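Sharing a structure below in structure tokens format, with a few things to ask.
Chain IDs A, B, C, D, E and F follow the sequence of writing; residue 1 opens each chain.
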Amino acid sequence: MKFEYENSFEVKHKIQERKIAILPIGAIEAHGPHLPLSTDNILAERLSEKLAEKVHAFVLPTLPYGQVWSLRDFPGSINISNESLISVLVDIGTSLYKQGFRIWAIVNGHLGNQPALKDAARVLYDQFQDFKVFYFFYPGMNAILKDVRETQSVHSTYFHACEIETSIMLYLAEEHTNMDKAICDIPDIPESADFTPTPWQKFTNTAVLGDAILATKEKGEKIVETAIEKMAAMLRSAKDEIA
Amino acid sequence: MKFEYENSFEVKHKIQERKIAILPIGAIEAHGPHLPLSTDNILAERLSEKLAEKVHAFVLPTLPYGQVWSLRDFPGSINISNESLISVLVDIGTSLYKQGFRIWAIVNGHLGNQPALKDAARVLYDQFQDFKVFYFFYPGMNAILKDVRETQSVHSTYFHACEIETSIMLYLAEEHTNMDKAICDIPDIPESADFTPTPWQKFTNTAVLGDAILATKEKGEKIVETAIEKMAAMLRSAKDEIA
Amino acid sequence: MKFEYENSFEVKHKIQERKIAILPIGAIEAHGPHLPLSTDNILAERLSEKLAEKVHAFVLPTLPYGQVWSLRDFPGSINISNESLISVLVDIGTSLYKQGFRIWAIVNGHLGNQPALKDAARVLYDQFQDFKVFYFFYPGMNAILKDVRETQSVHSTYFHACEIETSIMLYLAEEHTNMDKAICDIPDIPESADFTPTPWQKFTNTAVLGDAILATKEKGEKIVETAIEKMAAMLRSAKDEIA
Amino acid sequence: MKFEYENSFEVKHKIQERKIAILPIGAIEAHGPHLPLSTDNILAERLSEKLAEKVHAFVLPTLPYGQVWSLRDFPGSINISNESLISVLVDIGTSLYKQGFRIWAIVNGHLGNQPALKDAARVLYDQFQDFKVFYFFYPGMNAILKDVRETQSVHSTYFHACEIETSIMLYLAEEHTNMDKAICDIPDIPESADFTPTPWQKFTNTAVLGDAILATKEKGEKIVETAIEKMAAMLRSAKDEIA
Amino acid sequence: MKFEYENSFEVKHKIQERKIAILPIGAIEAHGPHLPLSTDNILAERLSEKLAEKVHAFVLPTLPYGQVWSLRDFPGSINISNESLISVLVDIGTSLYKQGFRIWAIVNGHLGNQPALKDAARVLYDQFQDFKVFYFFYPGMNAILKDVRETQSVHSTYFHACEIETSIMLYLAEEHTNMDKAICDIPDIPESADFTPTPWQKFTNTAVLGDAILATKEKGEKIVETAIEKMAAMLRSAKDEIA
Amino acid sequence: MKFEYENSFEVKHKIQERKIAILPIGAIEAHGPHLPLSTDNILAERLSEKLAEKVHAFVLPTLPYGQVWSLRDFPGSINISNESLISVLVDIGTSLYKQGFRIWAIVNGHLGNQPALKDAARVLYDQFQDFKVFYFFYPGMNAILKDVRETQSVHSTYFHACEIETSIMLYLAEEHTNMDKAICDIPDIPESADFTPTPWQKFTNTAVLGDAILATKEKGEKIVETAIEKMAAMLRSAKDEIA
């Protein structure tokens, strides 16, 4: 399942059979006191592994650096520009296509990457007509969150190191989650943050956007299993279209 | 030691104390029947860990994609352009500098990356006067190889999946080395390969450039320990210059 | 109020006094049978004029070309890449700053432009510390839509040539709205459209995403007046910060 | 005739019938005390409308920002780089071609845009063999000027806010021309201005290069009608070549 | 005088004293049957040498490749893009400035290079405030041509391999001019050639734009000596401004 | 043999017959007290002429500017970036291919250019399948040096203005070599210079890396004649493959 441990003599026919490559991508980014800098990478990786099992795909090595503009000034964050990210992803996609893959699922653990992933997928869409590229970020989550949340969301589209993300970590990577240090920090995000460049230090000192203390493995499970089901369904459907 | 498992609340003072970040970089590339596609990443990672212990540095998450022009047509290879690689590395370096690192050691397991690493380091050199960037590829190896080799080198500057690289794998990652499948394949590399674009399928079907069967852990140890010593010495000396 | 009709001899002190420039930006894009290709430009322009009156700002000439990837294959659409858009906007912003403006409100009538606007604003953010750039797309709309809608939204983030956009046109530019031709066409947008490049011809022949027949001037008024209030408030607050 | 007010349902066959798209392009630029910043846009727009009538073409929305290096430091000027301009124009041209247009006439009101227009046209020339792109700047003017001028030209290739340009404005857009404020300011342009970067503040405080007081509608008419005739003839001839 | 034959030990103080570097630039381009492909380089070089003597400047090695779009399809032409040319020139200019030069005269023998030279000079203008860059193309020529020409010009701004250019060659490089092969070929250049991309094979088979047979050394001398005088005067004046 | 002195009327069939173009490329770079700044250009040019005679090829005009990062701060050096160099070379190569050449030998006199040459050749390799591009830097030299050297090499891959390069100059361009000024200066190059950006002023004041006094014409002859033989053999073999 892990592409990196395959060898060149045997991999060719496996690619032709499986057809699907999954790339975990996340970021190195501040995630409060209770979650590691690599949280988004860990999540992307674990999601990818679960997904790969469901659809008999290869998991590529994680691309561990992402676009971290909003939190770039927080200790530990490493930021890659959209341009760099798009460029690397188009290169990887081009190689995957030439190697025989026909479906590429980028499983993204960091919302800030999403615009670059979309752009890279569009470039590849114009280059290779029979190459299907997905850029997944927890499909189906919005519906689930209504059930799961005990606290109100602080923002309509993003969540970070909070009840939600910590729950997902508890389910997927409990060993990297330190609930003893979990905090509740509910920032007041100004409406203008959606309409003018606003680094997050303007409204939070912790990078925790909510109440991480309320996180549970069960909440995480619901979100993750829904996302996995939805991703698997889309990949299966894409594979059916090829065959 | 692993930067990715640090958290944002505690990492700041550790960066200021350690000052050195180590980035393992390799490639996904054909390495014959006995070594995995990720050989160069595994080597870079293990070298980085050993080096980090010696110099009390942070190891960053591995950048697992590299410039693989020569073997890009072999099954399993994934190729990134020099431009993409330079762009990502300059971004990472810029973040590291802003985070407080003053020495960045890129530990490279794949020779094809070396020109891009050098270019990225030069860009950063002009941007940040007090930021020292290293791009290491087995320093001191040439001298050691004279002792270690039982077979003649097939090329004056590169080696691949052969007596040498397999030995290094045996020492650093025996669990990823399958000596049962090791082969001897000594290609006749035309002199023109150094002076005109020459994908390796022109002279090898296996991507093994020599006799992998002769690989031993001891040979690998000599090469690796020399390289580690030399890298550690350069980093210590750079750190002394800062203080 | 219209910057374009000012002359060079008198404009300097007016810039220093007003400090705010408003740029309408939209697109040339298919908008069904009842709305013109320039719908998004017209909306951006009328919104800008109303806003300018409230905050005593200059309105710049409309930038009438936008990023129209999703509908680029529909008759009449003209598509500009993100790269081109970012490049032009950074140039314009740089000139505005040098001319003495300190607040730049980009009033956007076309959702597809939003990522490029955000990127351009971030580039300028790093270049000019005392220059505030806004990229407005109907702030406050989500809350209003819950009251206003008679039909369900076909998508969680976008709307197009439907009950909503047609209502806004009726309020802002009734003379360009042909309700006799308005249609109801409720597409079934596949979930995958959010996660893989999906030109809209995959799910609509009309480019109308809903029931345009239900559009009313009153619905439009609520949305527009809310947006205007919110934009004006943010600009006033930004101007207060300068003074 | 105005492309922007067409709708997507009806525009397709009209494009196929008309085949010609006209883009007015100008600039926001200082034009002395008597002419507005948007002079070049207004001129390009009015010229385009007259031309469109003659050749039964569509007029696209005006691109109102141009390359204004020489006057960028004058109050009110907004400057776009050649690179940005070329990039946007190549994108627009590509869309026009895909939409079915086969002739694109860029009617330029600002001489500073001419090199970028030429470059963009050459890029499209190499991309689409059956796409004819024109970049018009008052064809035939040089011959007419000899008759029309009462004052000597201050420069062999450019004129600005002077007897000539003001005359054209009087003929095409009298409502935007304030002859009460017209001045005579004849600068001494050093010969070196043609051979080394020379912002115009080096030789003028007004941006008026000549005697605007001598402007008349009749002079403008001669220049404009000649230009229109010549442009129409070239477009008709290009259309004949297609048929 | 030739910079290339200086050595590093002695050149520093000479740069500081002379302050002026002259770069000859031309092209490899079809020039009819009687002139060599390198005509524009030869002319630029000889002009540069004469100029250098007058103003005590260094002559840099000739940049022998230029932008040859119009004649790129003629046998022997080699074409460089504007982008490449600008990039190289900005690099060279940056080095010259860092080496201590404060005036850079680019002596251009090929009109097609002029837009790129102007753009490169503007980039350097923004980077180095006390660096004066000239891009000379036969200053003063237009006035002289009225006296010198026996034939009418076929175009208002360019001349090529004709009475004029051949005369200049006879004066500057008679040994590379083969008058036995000189021809008269007066093309009918369509007016549209100024307004739409028009490779010259559309109107000439020879690349000779006029009557080369009428060329004389005396005509060349007038043009050249005027140009030299004018260039020298501008450089002296620029040098005076520095001192 | 010199392409630049050909004329457009006769060159076409000669290109088709000869098929090989040779481009000398070097640099303007500090070469100690006894060698001129243009040493690398002179060497590339003389090598090219000798090679052209052997293989009946055209010699193109020398590209006299190169990538001189390491010595850019020494008096007289002019530095071009890798990007500029690649861009120009890809343009030239594209023209050569379109003109009918099928083999392009870039004869390089300056090691710093080698990475850019390799990259340019790879770009052309992907664009034109039947175009063979060589980037020669003294092939066969390493073997010869063992015989020739009286002094030890100061570095495993580069040599500069020393016993070796001065010998080559004595053989190829004695008139530009001033042995009276030749010096012996054996620097101690730190091992880190291979792994971190290290401008040469860190270890030398002279730019002479060895004992130039020991240079002899005979040593130069051996190196040059070997290189010529090897280059000629590769070109002949490439020409055979075409035929």
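Heads up, the rule we're going with is that a residue touches a chain if its C-beta (ideal position, glycine included) is under 8 Å from a C-beta of that chain, and two chains touch if they have at least 3 such contacts.
Quick caveat, the model's predicted, so the values are computed rather than measured.
Asks: Please state, in steps, how far chain F lies from chain E along the shortest route of touching chains.
Replies: Graph distance in the chain contact network comes out at 1.
Asks: Taking all residue numbers used at the chain B/chain F interface, answer same if over half belong to both copies and different if under half do.
Replies: same
Asks: Name the chain whose C-alpha centroid is farthest from the C-alpha centroid of chain D.
Replies: B
Asks: Work out which of A-C, B-F or A-B repeats the contact pattern of E-F, with more than half of the residue-numbered contact pairs in common.
Replies: Answer for the repeat of E-F: A-B.
Asks: Which angle of rotation, from 0 to 180°, maps the CA atoms of chain A onto the equivalent atoms of chain F, to the nearest 5?
Replies: 120
Asks: Centroid of chain D to centroid of chain E, CA atoms only: how many Å?
Replies: 29
Asks: What whole-number Å value describes the gap between the mean CA coordinates of chain A and chain D?
Replies: Using C-alpha averages as centres, the distance is 49 Å.
Asks: Roughly how far is chain A from chain E, going centre to centre by Cα mean, in whole Å?
Replies: Each chain's C-alpha centroid was found; their separation is 57 Å.
Asks: Touching two or more other chains, which residues of chain D qualify?
Replies: none
Asks: Follow the ring of contacts from chain A, passing to chain B on the first step, and record the chains in turn.
Replies: A, B, F, E, D, C
Asks: Show which residues of chain B lie in contact with chain A when the two form their complex.
Replies: Touching chain A: residues 3-12, 15, 28, 30-38, 41, 60-65, 72-81, 83-85, 87-88, 91-92, 94-96, 98-99, 176, 178, 181, 206-207 of chain B.
Asks: So in the complex, which bits of chain E are touching chain D?
Replies: 69, 82, 115, 118-119, 121-122, 125, 132-137, 139-140, 142, 156, 191-192, 194-197, 230, 234, 237-238
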